[in-house]
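Quick one: structure below, then a few questions.
A, B, C and D label the chains in the order they appear, each numbered from 1.
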Amino acid sequence: MLNIGVALIGTGFMGKTHALAWRNVKAVMGDVPTPVLTVLCDTPLPQAERFAGQFGFARATDDWQAMLADPAVQVVSITTPNRMHHAMALAALAAGKHVWCEKPMALTLEQAEEMEAAARAAGVVTMVGYNYIKNPAFTHAQRLIAEGAIGRLVQFRGWVDEDYQADPALPWSWRAMIAEAGLGALGDIGSHLVSMAHGLMGPIASVMADMQTIHETRPLPDGSGSGVVENEDAASVLLRFASGAQGSMVISRSAWGRKSRLGFEVHGTTGMITFDQERMNELQLYQNLGPMAEQGFKTILTGPAHPPYGAFCPAPGHQLGFNEMKIIECAALLRAIAGGPKAHPDFTDALAYERAIHAMAQSAREERRVSL
Amino acid sequence: MLNIGVALIGTGFMGKTHALAWRNVKAVMGDVPTPVLTVLCDTPLPQAERFAGQFGFARATDDWQAMLADPAVQVVSITTPNRMHHAMALAALAAGKHVWCEKPMALTLEQAEEMEAAARAAGVVTMVGYNYIKNPAFTHAQRLIAEGAIGRLVQFRGWVDEDYQADPALPWSWRAMIAEAGLGALGDIGSHLVSMAHGLMGPIASVMADMQTIHETRPLPDGSGSGVVENEDAASVLLRFASGAQGSMVISRSAWGRKSRLGFEVHGTTGMITFDQERMNELQLYQNLGPMAEQGFKTILTGPAHPPYGAFCPAPGHQLGFNEMKIIECAALLRAIAGGPKAHPDFTDALAYERAIHAMAQSAREERRVSL
Amino acid sequence: MLNIGVALIGTGFMGKTHALAWRNVKAVMGDVPTPVLTVLCDTPLPQAERFAGQFGFARATDDWQAMLADPAVQVVSITTPNRMHHAMALAALAAGKHVWCEKPMALTLEQAEEMEAAARAAGVVTMVGYNYIKNPAFTHAQRLIAEGAIGRLVQFRGWVDEDYQADPALPWSWRAMIAEAGLGALGDIGSHLVSMAHGLMGPIASVMADMQTIHETRPLPDGSGSGVVENEDAASVLLRFASGAQGSMVISRSAWGRKSRLGFEVHGTTGMITFDQERMNELQLYQNLGPMAEQGFKTILTGPAHPPYGAFCPAPGHQLGFNEMKIIECAALLRAIAGGPKAHPDFTDALAYERAIHAMAQSAREERRVSL
Amino acid sequence: MLNIGVALIGTGFMGKTHALAWRNVKAVMGDVPTPVLTVLCDTPLPQAERFAGQFGFARATDDWQAMLADPAVQVVSITTPNRMHHAMALAALAAGKHVWCEKPMALTLEQAEEMEAAARAAGVVTMVGYNYIKNPAFTHAQRLIAEGAIGRLVQFRGWVDEDYQADPALPWSWRAMIAEAGLGALGDIGSHLVSMAHGLMGPIASVMADMQTIHETRPLPDGSGSGVVENEDAASVLLRFASGAQGSMVISRSAWGRKSRLGFEVHGTTGMITFDQERMNELQLYQNLGPMAEQGFKTILTGPAHPPYGAFCPAPGHQLGFNEMKIIECAALLRAIAGGPKAHPDFTDALAYERAIHAMAQSAREERRVSL
């Protein structure tokens, strides 16, 4: 199989997950092209150099625009702060590179639309970092649904809660500014939940939402007073799907005790499936089968029967981790580059997710149902 | 303490829970008046007689109106089908009896309002059967909130799901008719959730809801075709509380696998409390206290430290059951009759719950936010 | 059906559970004889009188021997401290009464043997208070095993832990004295676990045990120093069953956080069943059936499909409580008195359980395997 | 920091985990020497070559003895079948290489003792693959105990269950032969539990065990009849620790439904800690602190407050996986090679674990308590 030259921009939380994915994907999967860790970009340059050494990239740079001109680079990972995704992705696409961009695509829907159009025009492979839907537990849920294991789908319940903005004493930061961060909880974590809802239920037809800024101001870091929080800490949403199913979502970045509580219930006419990311190796399945006295929710522990779990470990129930979902995502990208199935979710898929979260925000602002 | 003459109308699901409560309340609590099981009413008469023997009532009748004239009767339990509550309660109040009525109070809001006005005019003790809020786990959650254990309340999440109408093959019944049953899932089970939301968060200011009839028709029992389901199987609701907090509710009588899943999350600025009725002896509490490395949700098993658990059992964690909550409810009623604190929820409290569920139905029908 | 005159000795923890069972059994079950609450015995007399009023007994006495001469009494509940069971049961049997005795039967194995022989000679109905094996979840486990749902049984794992003696600061009491309490954790709670093991796996062939007195002394209540704890706080046991299966038990009355953790795993050649009393309305079942990708432990919530749950509540998952198991036990006793199936566990069954716990204690003292 | 030349023998389950650890450890941890993936050894050679390409090793070989003469190799990972550990480790030590060997060290205790002596004589760094005790949840439990969070330790309960030998229809294999596999469940999985017991409670003083071969024969793969299973499917053990604490272990490779159920309870005089590997990112902590009404087991989700979780992910509760524990293990090895703290568990530590499992087997065979 071919070699693929990789550039990575960013060395933060997501930057490291991309670096680990690039380092591992071939060793884990075997049947993918070999990524060649070509250049790592960050600022200032010494930081880029330090992480290039740690992550095993051949070179470091602080000039992402020059880097995009390098013919040795075939695919670019964009893991910078959200406000930079738009310019970097457009430039990478213009340079003919494949692009793996973290979510959300951009601060505004208009930017995301521009990126998606550019991706279609460029004809390269794109992918957006919706790693949670790569979990073998999630894809098994999709398989169960496709096989009719729970009948016709009638309801979706989704939740995504964390507590990284729960403490009122937490200082004000760029996260609170629309111009820097865009949406709040909806963009940060709500979009992951939308990717799940899409993958399970199909497209969302309309939304009706409420938003809430729980902590309206936060202390400025320099102690000089307090700054306004411009975006939402929490949102609640009524959903109608194109299929006719209904549902709801609840989203909070200020939910004490929740660390990565991202999950769903899918209600069908013959059963139910539920999942929660805080126990990401478990899937709950109820089927109206057999005698009532033996019915119950089954806790299915993922294992080799749930591909591609077996690429990581031949023994069931041994537990995959968050970082390993990024490897599955990376493998899908590499296979698409090598001519395999379309990468999912690409910029077009991801634009649909972002349309949904912006529609939720609009619905809340305008206090009316918004169709998609 | 005094003796109280009790009449019970109905011998079904709720009739039996009332009978058990009347039989047990004195033995469990000690410090309440002694109920005297005077007369049991049902139709036909032989059924009433059979259950009077089984439940230990002195007499049986099939004539509830005559029964209400009996001076030996001081309090009446009304556990008949929903459509009969209105007439029976009004007659009992007119006869000067204390009334313990099952929920929902009536089929329509107008009927409920009439009952509430009559109750206030009669000056007797009334109570509506919201047993779940009598659980020591629930009242402990209220106590924790009142003590500030989780700070200012900012969000409520509620759910109530059962699967008694999940099977599409289930025959059509009176439950499907508005004229017989009134609201569907909202009235049957949603009102319990509203009672919890009120008890934890205070009054609801406005609602925005969606309703869904999942099974639009059902086979007629006689095999002659199918009947229309007129009321909702499921509902999803956005909530705004008078306090400024927000929240949501999801409700379904067609949720496979859920048997009595009635629960909540209350999000505060310093912690969270959650509960689920399917594990009714457990309360989950997270507090932002102590080192982060030791923070987590505590699973509190109810025990004598959570009154009135100790009246049932001196040993913690031994598990109370559903029927025992009805005993706690009955004790509150008896104490109010004996001049103790006001029974809660009385017809006035319960009317507020019913206003909320009717506002949800109205919101869904009119596709707009409805204020309360 | 006939009426049965009931006498109850004792008004403590277990006394109250018996009283509630006697009051409820007819109302719940319907098809049992009607208990007539004839006389309540306790000392001093005013206490007996107070509880006779509360529990609804016709008369009170402080003279249990005189009471046993009363021809109106047909069955006697013995719920006094353990050291009094022996004399009271022998006297009741001698008077030709049916006997419902709390466990353990006696302080020593010799006493228990004498009681069992007397019961056989008297030809009356006897029952010992092993309420946990009356749980519909437990009897459903038995039914599943009998139907071959998990194949041939190969292993048993049992545990029973509480924390009522966990605190080193707890004062010394009669519980610590062999002459007053007999065995410690083995007798108090271990015998319940033995009753489960018997019911699931059949007779125990031999045991090998360790015992541990975790808190060797305790402060005397009068502050005058400390008293010696003579019996065990904890025990661990290797089991061999007559069937050839093996297993283990762990038992502690000093296990912080455990309130009523009594449970088991039964391993079969085609599946596993597990249960824990702290979630007494749930049974876990794994079967090696269907595709591996869909296998998992099912959480079965008890309901009307698990008799006699439906006698308490027609809706599944609504939760039975600890006290309600005592009602099921009481119904079995009444049915046996009325000529139905033998009450289980009677004095003969219970003697086998007590033999097992005494063999465990002997094994630990003598540091050798003890056969039964 | 220095570079370290790595050789890996074996490409199976554990071979892949070592390869992934070597590939990741620097990228994850930063502050460790840089492993240079020098040579991969397996048979036949084409397999070695294929995996060298996949795992990123510079060269492949099928001659492990020649490989050990290579001065470019400084550390050797031994992940071959158990019966080969002994010869390979001795040769590697003789060649002056650092050794990372999978567990169990050897088939017999004598072999393990010889290896340990050789390691001490060689003066190199050794490590044995007890990855589960590298979990941040486990090391946090150790820290809590050391800080006195649960008082004096009084009991240990351990379990380790899988179902890879549960199916009676599974064909006979080398696993069933003492000469090929050594001990059965004790060696395969029991030794992991021993490593946990040691890490939490200190050394084991004596054991009393039962063993059980659940499936005494298995069908031969060629259909020609059945082969005898020579080693144990399950074991149960009573433990006494040098500290005076007591405890137990239960171990099965034939426990249907258990996939990686490895866990413990540690009972202290003021609290309890429990853990289960099937939910490896959770630790349960109960402390007798504060009002009884607020006491309960806390579910602590691991996060950056539990080092080195933060090296993998800056966000709590995002879930580490099984393979990532191997990276933590690898980092400890590299740090020891670079002159940091002693690698743990080295051959001396691991010998103590293996002594314990062989003592258990001996105890079961000889039906007597065996001291260590």
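Rule of thumb we're sticking to: a residue touches a chain if its C-beta (ideal position, glycine included) is under 8 Å from a C-beta of that chain, and two chains touch if they have at least 3 such contacts.
Labels paired with UniProt names: A, B, C, D = Gfo/Idh/MocA family oxidoreductase.
On a predicted model such as this, the values are computed, not experimentally measured, just so you know.
Participant: Tell me the fewest steps from subunit B to subunit D, where a step is a jump to a chain it touches.
Facilitator: Minimum number of steps from subunit B to subunit D: 1.
Participant: Would you kindly say which chain has the C-alpha centre located farthest from the C-alpha centre of subunit D?
Facilitator: Most distant chain from subunit D: B.
Participant: If you average the CA atoms of subunit A and of subunit B, how far apart do the two points sit, in angstrom?
Facilitator: Taking the average C-alpha coordinate of subunit A and of subunit B, the gap between them is 41 Å.
Participant: Taking the mean of the CA coordinates per chain, how far is subunit B from subunit C in Å?
Facilitator: Each chain reduced to its C-alpha mean, subunit B and subunit C end up 34 Å apart.
Participant: Between subunit A and subunit C, what is the gap in Å from one C-alpha centre to the other?
Facilitator: Centre-to-centre distance between subunit A and subunit C: 53 Å.
Participant: Which parts of subunit B, given as residue numbers and ranges, touch two or more other chains?
Facilitator: 258, 295-297, 301, 303, 316
Participant: Using the touch definition up top, name the residues of subunit D that touch subunit C in the complex.
Facilitator: 150, 154-155, 157, 159, 166-168, 208-210, 212, 214-215, 234, 236-240, 246-248, 250, 252, 254-258, 265, 267-272, 286-288, 295-297, 367, 369
Participant: Which residues of subunit A touch subunit C in the complex?
Facilitator: It is residues 140, 144, 149, 283, 285, 291-301, 303, 305-306, 316 of subunit A that touch subunit C.
Participant: Taking the complex as given, what residues does subunit C use to touch subunit B?
Facilitator: Going through subunit C, the ones touching subunit B are 13, 16-17, 19-20, 23-24, 26-28, 30, 54-56, 162, 164, 258-261, 277-281, 301, 303, 312-324.
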